[in-house]
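Letters A, B and C mark the chains in the order given here, with residues in each chain numbered from 1 onward.
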Amino acid sequence: MADYARRRSLKIAGIFLLPALVVLFVTTIFPLLYSFNLSFRQFNLAKPFIPRIFVGLQNYKTLLQDNGFYHSLFVTFKVMVVAISVEFVLGFALALLLTQKLRGMGFIRTLFMIPMMMSSIVVSLIWLFLYFPGMGYLNYFLNFLHVADVPWITGENVALYSIALVDIWQWTPFVMLGIAAGLQSLPQEPLEAAMVDGNSRLQVLTHLTIPQLKPILASLFFLRAIDCFKIYDVIFVLTKGGPGDSTESLSFYIYREGFTLWQMGFGAAASFVALIIMTVLITLFIRTIKEEEPRAA
Amino acid sequence: MATVSLSNITKSFGNIEIVHGIDLEIRSGEFVVLLGPSGCGKTTTLRMVAGLENISGGMLKIGGRVVNEIAPKDRKIAMVFQNYALYPHMTVRQNMAFALKPQKMTVAAIDAKVREVAEIVGLEELLERKPAQLSGGQRQRVAMGRALVRTPEVFLFDEPLSNLDAKLRTQMRLEIQKLHRRLKTTSIYVTHDQIEAMTLADRIVIMRDGRIEQIGAPREVFSHPKNVFVATFIGSPSMNLLPMRVTRANEGCALASGTIVLPLPLKNDHQVREGQEVLLGVRPNFIRLASKPALTGNPYEFEARAEVVELLGADGLVALRLGEHELIAQVDESVLPEPDAKIWVGFDAARLHVFDRASGDKIL
Amino acid sequence: MDRKTPLEKALIYLTALVVGVIFLFPLYIALSSAFKPDIDMFARPPVWIFRPIWDNFIALFTVRRFQDNIWNSTVVATGSTVLSVFVGSLAAYALTRLKHPRMKDVAFWILSIRMFPPIAVVIPYYILLRDIGLLDTPWALILVYSTGNIPLTVWLMRGFFQGVPESLEEAAQVDGHGVWAIFWRVALPLAAPGLAVCAMFCFIFSWNEFLFAFMLTSSKTQTVTVAVMSFWSSDAIEWGRIMAGSIVIVIPVIIFVFACQRFLVKGLTMGSVK
């Protein structure tokens, strides 16, 4: 490479890229290393004067032997499966509905954006109001339809679905918008040609539209899965992991162990395992996507 | 004005070499056109002269100075891009002034220069408009004005007319010609359009697959193409190629194919061998059509059948069937035959080309 | 295929209406409850028509000094937005223009930061910030939020910078403009709409955030989200103020959504519809 070209590249890298990398490095790598160190020690935040003794893999051992940990993984995945599948089915149907070229559809789409742009804490509080045992309006409307009260956040078997419902309410618009954008970006001629050839709308949908949307659906799934994995605020407000531990997600488990019980070392270890799980899942996902691509090209 | 010299210029991306050893000497004030199909390396070569691409090998000199390692801004060049590369958020005046900003001139000097150039390219009225408000031809002129404003020693053009419609293209071609005649700046112009090349160039450099096929003045590459590629690329409609075989290599050669036999006016007999497969090249414009042969016994006249006749206006195209060969001829409309009519076809012996079929190189 | 019978049109509008009602109903509940006295809020049957009172809002700003929280949230959100948009767009530009094969990895690393579960990094943040003494200052959250906002900005601005034709920058390069001049005068002005979108997204994200704000602040720097949660104490749940506070928190979001409808879809799905 010619000198002037190399100098130019270096200048760009230095002036433009470096600041971001420095900030991000300081705010991510550094804390992570600190946390990594911490995970090998016993550290009780309530008793800060006791030295942070090195306990080797003790924290990790305790973690991996704790049923609560595995249960929290189970809860997390259950919420993810329920929430995301409903969001996609519902989101797809709504996208089909709202991409019809009728007046006002754009405005309605804009209205739909509001739930996902709201703070999750506000969303959770409003749903708490709706779910509240004995007073919430949801049960009132159900009574109106001659259905008995549902123990939304007090029922052991129900609470998890109530959590999923909040996530569905907030994030279906996101899936819907993504699919709508995808639908609108598809070339219309092949679809019209297929209809002219005599295919029914359903056939066009399943054989032409959906396969072409695969990359978009995959990206949306990826984004939702990552977000849903982290679910915390909703649980914090509505159930605090309860009743029992039926809604204790992984994030909440870490919170409870690390912050309420002040066992920071243990919390750190759990955090790291969570990060590893996340990384594995992401890598798996990306690899699956990469395999698909050559075929698509 | 500067000379430009390319010596064995190569370009590689990783292990793949895409431009192989370009040698070209451009004289001061010359207008050279790099002509070729897409992917032949002409734009890459131009960008290497500009400094926008690194030179992988060879030596580039501008004005006698080796510039391989010199940044574009110090090479005293100006470039007109294919999509004009006008800054959409600036007015025409600002677009041109922006090119001068790095020169550390006073505001007044910049302003004077901009106005001077605006007059040369005919943009005085449009200085305060933004590119979006201009027509294609006007944007073109802004692009040229922006290049002119820096009084470079070499102009580089990267297919500047390909985004214009045919009429506008003709108009802008004339403008570029006028400009060159007035300013006499050394220019390198890249295009895939052979008409632009023929009309604008002092010399044409025909390129294919990263190599130079032929360099020459327009007249020369038209009348004396070195190989089949150049012969068919230059000239529209393109040259007819008839596959033939050499016979009777001794007492004068002839080309034969089926019933058609042509004597070959060759100076040296050992340029061809008996049985050699060749291609006979005849340009559509140099085919004579007549209802009866002009001279009896003329070995260059044959009877053929006109299959399709297309009237273009003042002239027309005729698709002829001559034995097992198909030819296109371009003739004046007054001699256009009826479709399916029998017609006599005459070749001008001085305007025949013979190419070896295997290598494509010219024999005659 | 496009022309629909009146019946089909009606059905579509009806379905959209029903779905719309279902989705916006919780918001409506919040809005109407904010203007009701506590007794009316849970009244069965629900009080549909009522005279709105401002008591909840008044209490919010007098008893609870919500304006302090609004101020804190604004400071933190603005601070993080300015930092992130500035640093992030610079990085996005570099990632778009640098042709080194490593750039893809760098880009991926930056974007992957958003994938960490926040809870996993709260512990080290808490301890580190406490040790440095930045806990309970606006800087704590400004820095922490930048961890999320910078990748977001990079993600969005990359697309916008890719939309600036390189020939424009090459023309400026040939004329002799330096790297910074080309960025500042050519690339950035043309990617400006993206900056506006980025700023809005960063602001909203910071404004809405709860977990880090909850852990890393106390009464002095409490943000709106934490404050509104604090109305739910061990003694009672102050529903009126919760609803009023929620409405206040949601207002900037609604303004934003309507202000840039067109850009939103492009921005939100830019990563998806790659």
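Heads up, the rule we're going with is that a residue touches a chain if its C-beta (ideal position, glycine included) is under 8 Å from a C-beta of that chain, and two chains touch if they have at least 3 such contacts.
Not measured: the values here are computed from a predicted model.
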{"item": "Chain whose Cα centroid lies at the greatest distance from that of chain A", "value": "B"}
{"item": "Of B-C and A-C, whichever chain pair has more C-beta contact pairs", "value": "A-C"}
{"item": "Gap in Å, rounded to a whole number, between the CA centres of chain B and chain A", "value": "59"}
{"item": "For chain B paired with chain C, centre-to-centre distance based on mean C-alpha positions, whole Å", "value": "57"}
{"item": "Between chain A and chain C, centroid-to-centroid distance (C-alpha), Å", "value": "16"}
{"item": "Residues of chain B engaged with two or more neighbouring chains", "value": "51"}
{"item": "Complex interface listing, chain B residues touching chain A", "value": "51, 54-55, 68-71"}
{"item": "Of all residues in chain C, those that touch chain A in their complex", "value": "1-2, 4, 9, 12-13, 15-16, 19-20, 23-24, 26-27, 29-30, 33, 42, 44-46, 83, 87-88, 90-91, 93-95, 97-100, 106, 110, 112-125, 127-128, 143-144, 146-147, 150-151, 154, 179-180, 183, 204, 207-211, 215, 225, 228-229, 232, 239, 242-243, 246, 249-250, 253-254, 256-258, 261, 264-266, 268-269, 271-274"}
{"item": "Complex contacts: residues of chain A adjacent to chain C", "value": "8-9, 11-13, 15-17, 19-21, 23-24, 27-28, 30-32, 34-35, 38, 94, 97-98, 100-102, 104-106, 108-115, 117-123, 125-127, 129-130, 132, 135, 137, 140, 169, 173-174, 177-178, 180-182, 185, 192, 195, 215-216, 219-220, 223, 226, 229-230, 232-233, 236-237, 250-252, 254-255, 258-259, 264, 267-268, 271-272, 274-275, 278, 282"}
{"item": "Chain B residues touching chain C - in the complex, by the definition given at the top", "value": "50-52, 72-74, 77-79, 81-83, 85-89, 98-103, 146, 150"}
{"item": "Chain A residues within the chain B interface of the complex", "value": "1-5"}
